[in-house]
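Just below is one structure, and these are the notes that go with it.
Lettered A, B, C, D and E in written order, each chain numbered from 1.
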Amino acid sequence: MSVLDISNLSLSFGGVKALQDVSFRVPEGTVTTIIGPNGAGKTSLFNCISGFYKPQQGTISYEGQVLSSGIKPPRRAALGLARTFQNIALFRGMTVLDNIKLGAHVHMKSGLLSALAYFGPARREEMVVRKDVEQRIIDFLEIDHIRRQPVASLSYGLQKRVELARALAMQPKVLMLDEPVAGMNREEKEDMARFILDIREEWGITVLMVEHDMGMVMDISDHIVVLNFGQVITEGLPSDVQKNPEVIKAYLGNSDIDSLRKKLNPEGEAA
Amino acid sequence: MRIGDAKQSYEADEAIWTTPTQKMWFGLFLLILLVFPFMADSYLLYLGCLVGIAVISTTGLNILTGFTGLISLGQAGFMGVGAYTVAWLSVNTGLPFPITLVLAGLMAAAVGILVGLPSLRVKGLYLAIATLAASVFLHFIFAEWESVTGGMGGLSLEPAHLFGWSFQSDFMMYFIIVPLAVLMVLAAANVFRTRIGRAFIAIRDRDISAEILGIDLLRYKLMSFALSSFYAGVAGGLFAYFYRVVTPESFPLSMSIFYLAAVIVGGMGNILGGILGAAFMTLVPEALKLLTAALTPFYPNAPVFMSPMLEIIFGALIVGFLIFEPHGLAEIWHRIRRFFRLWPFQN
Amino acid sequence: MEALLEIDNIEVVYNKSVQVLRGLSLRVPEGAIVALLGSNGAGKSTTLKSVSGLLTLEDGEVTAGEVRFRGKDVKGTAPEKLVRNGLFHVMEGRRVFEDLTVEENLIAATYALTGNKPSLSDSYETVYNYFPRLKDRRKQLAGYLSGGEQQMLALGRALIAQPKLIMLDEPSLGLAPLLVEEIFTIVSRINREQGTAILLVEQNAAVSLAIASYGYIMENGKIVIDGPADKLTANEDVREFYLGVGGKEGEARSYRDIKHYKRRKRWLS
Amino acid sequence: MDWLFFGEISLAGLAMGGLYSLIALGFVIIYKATRVINFAIGEIMMFAAYLFLAFAGGMELSPWIALPMAVIGGSILGGVIEKTMIRPMLGESPISVVMVTIGIASILVGLVEFIWTADPQLLPSFLPREPVFIGPLYLAPKIAYGFLIGAALLILYLLYFRFSRGGVALRATASDQAAAYSMGINVRRVFNMAWVFGSLAASLAGVLVAATGGLSPQFGIIGLSVLVVVIVGGLDSILGALIAGVFIGWLETVAGAYLGGEYRMPATFLVLAVILVIRPYGLFGTHEIERV
Amino acid sequence: MFRNVLKKGRRLAGLGSLVAALTVAAPTMAQDKEPIVFGGSIPLSGVFAFAGIHIHAGLTDYTDWINSEGGINGHPVKYVMEDTAYEVDRSVAAFKKISGSESPATYYGDSTGFMKSIASELNSQGNTLMSGASFATALTDNEQYPYQFIPGPNYTQMFGIILEYIASQGEGGDMPTVAFVYSDTEFGKDPIENGKDRAAELGIEVVEDIVTKPGSVDVSAEVLKLRRVRPDYVVFHGYVLSPINEFMVQMRQMGLDTQFMGTFWSSDKLIIDKMGADADGYMGVMPYNYYDSEESGPMLDALRAQAEKSDPEAGYRPTGYMQGWFNAMVWTEVVKRTLDAGKELTGDNMAEALASIEDWDTGGIIGIPVTVRDMSFPVGRIWRVNAEEGRYEPVSDWIHLD
């Protein structure tokens, strides 16, 4: 069973082909990771899925339904596609708690009038969300000690965790994480890995991520898709992908360095 | 760990006033507002009313510019819509003031939505110019649609009335303006305890990730415009009842700039900042006039050379604030409070 | 040989909150090509920016450590002064001035020369000599060049400045393999013929190590492995670093194991 | 329809538009290099015009000496403003910087009232007074000669930006600030130069406009028309400033002549509104793509 | 510029010593009687500052003069003002402040807008009589504005005087044509409709009416319009200087021999000072004698002497000064009449006293005795610029409308 089905996706910006004929599936209940060198088109792919970019060709199906380009990002969020960003996209003017509560926005209903008065439906709904956020998410991600702090004052690792919390508050079916551990130290990475695995196992949420840290990727992914120059090179289990010569070449370049050295430096050694 | 975490319930934690001390101060503040008109002379009363109107309008603009990040140079225009609505209704229907004020707010909100429509495509300063264009059109309509607005001569209206009371004096107007200002500020504070307020701030901080979280940008931007212009409309309506004459020249561009300056000087995206900014911007020129008055016995010509000084000081204040305290009066206020909270006896 | 550039234990913090470099050190000897390798987000670009002084533009700050160029501490020196002193930073993504022509892009780079102005037409010829394609397009807007040509222009601008050291940030980014090889060949030629030292930041380990004499690999703001290029090439750790394969027994726990370990710890505490 | 009349009106409008182009150019230079929307441009114009008044009227210098002195004075003012009040705002939100320029405008108005009083003024006339006829079309001499002087500076500017090394530095900074730093360009100096050059254009236009229309501390309102011009043309487009300047000048005049003076502003703002809806970043402005 | 600053500096110093003298003198005059307070919302900054400064000087000098004459029936006079920047809300604030602390008997309002918006307040207080810078037609409505009067003819009446003069220049069936040029403001639009009606009554054809912004605007298109219709007279209203100069210069450059005229605020000497020879032949309607006219009279002489005393270097005093002085003069007359009648200084009593003014000799400020009609002084005279002499000269007799 696949929850996301990408087929023949192509995207280009004024002649530059960001994605070419990309097809793959995200099996339900897995951690699926997209890897590839810088500029391979990973983030563009995410942006197509969340509805910011309109691919020129191809389709994205979510739970069997084709997401046409008329379905705008907010609607996709409501359908259960949550996402974090490569460069943290928290709201710097708000506290951690408010950031997380924003995640629940799509599931709330109170209108402007009751918000102005605050008594009645708006307050009841706020309390329900607050309780849910506290008990389900803040506890789980161990961020109760910072809930009142403005996010701008937090460390990078904690900011990433708050972003994850916010995505979880959206009650997603698919959680898209763009480089969740980039820039973290080992300990922070370990925490994040643990959360990702728990999210999959305990909450049953499918995780689709883009990540560069190969150690972590290989350890926690169930399925890996490799992109280079906007194309899928290969996909499969971590152990298979690691051995694929195409992948090795994409990452290390031509592994025969001696011949490469001669080619690049025909007139002798570097000074 | 903070004391705030020891709350008995989430509800208590989400309250605007979280400690008994805060509640006490707020109560005291309300009491002062209540007693003030009985102690003040007509000039202070006048200033009180003026500050009240400015607080409402500044809070409205703060919602739009400070919290939602949409810069508007059209605030005076929206106030004008409210003022003309009240004036027209008062001249042609004689409705009591609560109804006319609500209608003024709604009319301004409707205009606000119309003006806000480009906000989905146009951002930042381009949007500011779009709102400026709107205020130029509004001024044109005020001046030229004579059958409704009375043209350049404007409209004169009767005092606000309700149940046979006529609110003619400033003393009476105070009891309309100030309670309304308190209510509207509280309502604005409430909005920012709910999902709607959070959506506004999200749009300001990063509209793209707001969209990812399922926030419909156009809907909420328009809502912010509507809410903000509603406040402006009510403020304009009060302006009309207060001066009892409304002309196209009552709402110049400089007034929009005044409110924008109030928001910035007070502290953008801060409810308290809106109040402080409005009070500051209204009272500083008055304080400078006191200075002029103090100089006049020595230099009878002081009024003549002090008036350009006022403009210089006004400009220098804005520039100085932005350079040295970009977060405005609210930040200064918080710093003072922190200072006292950390006094030797407390830890 | 005394190092041209010495970075000593620097720490860098962005926005006063996000720490990106945590005690990084490296050396670039006069006339050498040194490669600095690492994955996305490891802090490679930040390292270059903290040398060239462009960090302050992004609200970053060197909070500890020292950066010496030609024996002098250059921390806090204005970027334009550094450039005039012989340190040229070719930024990631090429950053050509898109609405200027190729030639104007080169003219802009002459600002690096204030103080010692050799005949400019000679230096333009040098650039066109290395990159004949730029000569054909010199009246064209740089925005209309292809990715490879833009990278050439970025290098050409560096040549105009006649620096002692060029810091090259990801020259291979987004270029097809053949083009990458072409560019690297020229980089190597520039190094040899002009005697310019080069600090090369790359994700593409193979091409970098092919022209570099020495390499550093960084992760999380620190150098994790370094050594002469040929030794690094042979090193298993490099493979592990890039592909997450292998790893010596006992050294690294799998992230899956950690999960259970941490969980237990949490219940106990 | 009276075509001769239309022709004369249009000609007057186009000539006025030429001066708008010059002011808009001053505005765009500052915006391109520093990303600051300068709401004080009208007041800088005013200040330069008062300087001219002081030099030519008060000190009775020859207008042809007073003119360059006033223009240089205005550009020094621009440089000083940048150094003392705009530079500390680097990195702050655009709205704060705009507000600073509004504050500066207020300071300048106060200064002018303080030094020269609030009386309305006329500049000593220094342009030839013989009527100018272009074919059968009459053109007021002040406007005609004002246009010629303005156009001369405009062309000078365009040549400078196109062909000089300094022009390259300015355009490079506008195109990519960080990259300009990395070229060894002293970006802070470029910012300062942009304000100096921008204010210079505005100052010359200020004297020329004041020479035709008179001068008072409210002169700065002309900045509003210029704002319309640069938004229509695109904030960062020199070409846009030139074309939109001429167009808006023409439109204002034609609307004023056929519909009445009260229609001048609404007509141009109507065009502005339409432009904002169909091309949010002006006719020639660049739309910055936001990265997700 | 520098000369200006210096001059101002000297002026300030001079005034300083003068005040020292006054504060000594005042107590001896005050003795036991309550002072009469003249209040004022004065536009010392903003668009109307050029006039406001001189109005302020006129009021100040008059106050000094009347006090040196022993005040009003022994009551000293105190003038209390505040700057308004010509903004209605600030004017209202000033009024409330001054009326709250000083209870002024009379008050100077700086704009039509202010005088309209303060009317209800004024009516309900009922103890202040107001006049000011406005000659707005609407204010002559005694029902709505019982305590406000106009210190001269209202704008409609000014147009009436101008049109009557124009009609008098027409011979036989050959009536001159006229164009109205006015500013896009409340002030500018005030008399236009009535003016057109009056022109029609007199048989004068209004061939064009042109609206512009006041101040520094390009008017070449408007000039081209006038070139088409070639009016014999152009009447300006709602301006101070620009763009009047531009219309005149450009139209003359085109070879038109149009006669240019203007209403009160457009007939200051400023026009001569700034335009020089170009101003020659311009005509204005003015209810007061110019400061430098050849007329004389005891009050006019007193005014000149006082002006000379307060600032010997200023020389000529603009019409704003005359206007300020005349306002204060009328207030004094009204207060005196009320006090003489043994009445309290209420709005009603003072309005009644004002209405009772008949064939009042203004001591040369106005050349003929005047009678108040509908709270205005419907009198005026046409003056013409003699550029060589640098002043206005009368070209008509005094015209008193009924």
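The working rule: a residue touches a chain if its C-beta (ideal position, glycine included) is under 8 Å from a C-beta of that chain, and two chains touch if they have at least 3 such contacts.
What you are looking at is a predicted structure, and each value in this text was computed from that prediction instead of being measured.
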Discussion item. What are the mutual neighbours of chain B and chain E in this structure?
Written reply: D
Discussion item. Between chain B and chain C, how many steps is the shortest route if every step has to go to a touching chain?
Written reply: 2
Fill in: Chain pair with more C-beta contacts, D-E versus C-D
D-E
Discussion item. What's the distance between the Cα centroids of chain A and chain E, rounded to whole Å?
Written reply: 75
Worksheet item: Approximately how many whole Å separate the CA-defined centres of chain A and chain B?
Response: 41
Practice prompt. Give, as an integer number of Å, the spacing between the C-alpha centres of chain C and chain A.
Written response: 28
Discussion item. Can you work out the whole-Å distance between the CA centroids of chain B and chain D?
Written reply: 33
Fill in: Of all residues in chain E, the ones touching two or more other chains
8, 45, 49, 53, 184
Item to complete: Would you mind listing the residues of chain D that make contact with two or more other chains?
Response: 113, 118, 262, 292
Discussion item. At least two partner chains per residue is the criterion; list those residues in chain B.
Written reply: 143, 208, 305, 307-308, 310-311
Worksheet entry | chain B residues within the chain E interface of the complex | 41-43, 46-47, 50, 143, 151-154, 156, 159, 168-170, 243-245, 247-250, 285-286, 289, 292-293, 297-301, 303-308, 310-311
Item to complete: Spell out the part of chain A that touches chain B in their complex, as residue ranges.
Response: 50, 52, 72-75, 77-78, 82-83, 85, 89-94, 98, 101-106, 108, 110-112, 115-118, 122-123, 125-127, 129-131, 134, 144-145, 148, 166, 170
Worksheet entry | chain C contact footprint on chain D (complex, rising order) | 91, 165, 168-169, 171-172, 175-187
Practice prompt. Could you pull out which chain C residues touch chain A in their complex?
Written response: 15, 17-20, 22, 31-33, 39-41, 43, 147, 170, 173-174, 176-177, 180-181, 184-185, 188-189, 191-192, 195, 203-207, 209-213, 220, 230, 233, 238-245, 247, 252, 254-256, 258-259, 262-263, 266
Worksheet item: Once bound in the complex, which stretches of chain C touch chain D?
Response: 52-54, 57, 59, 78-80, 83-84, 88-91, 95-100, 104-105, 107-114, 157, 161
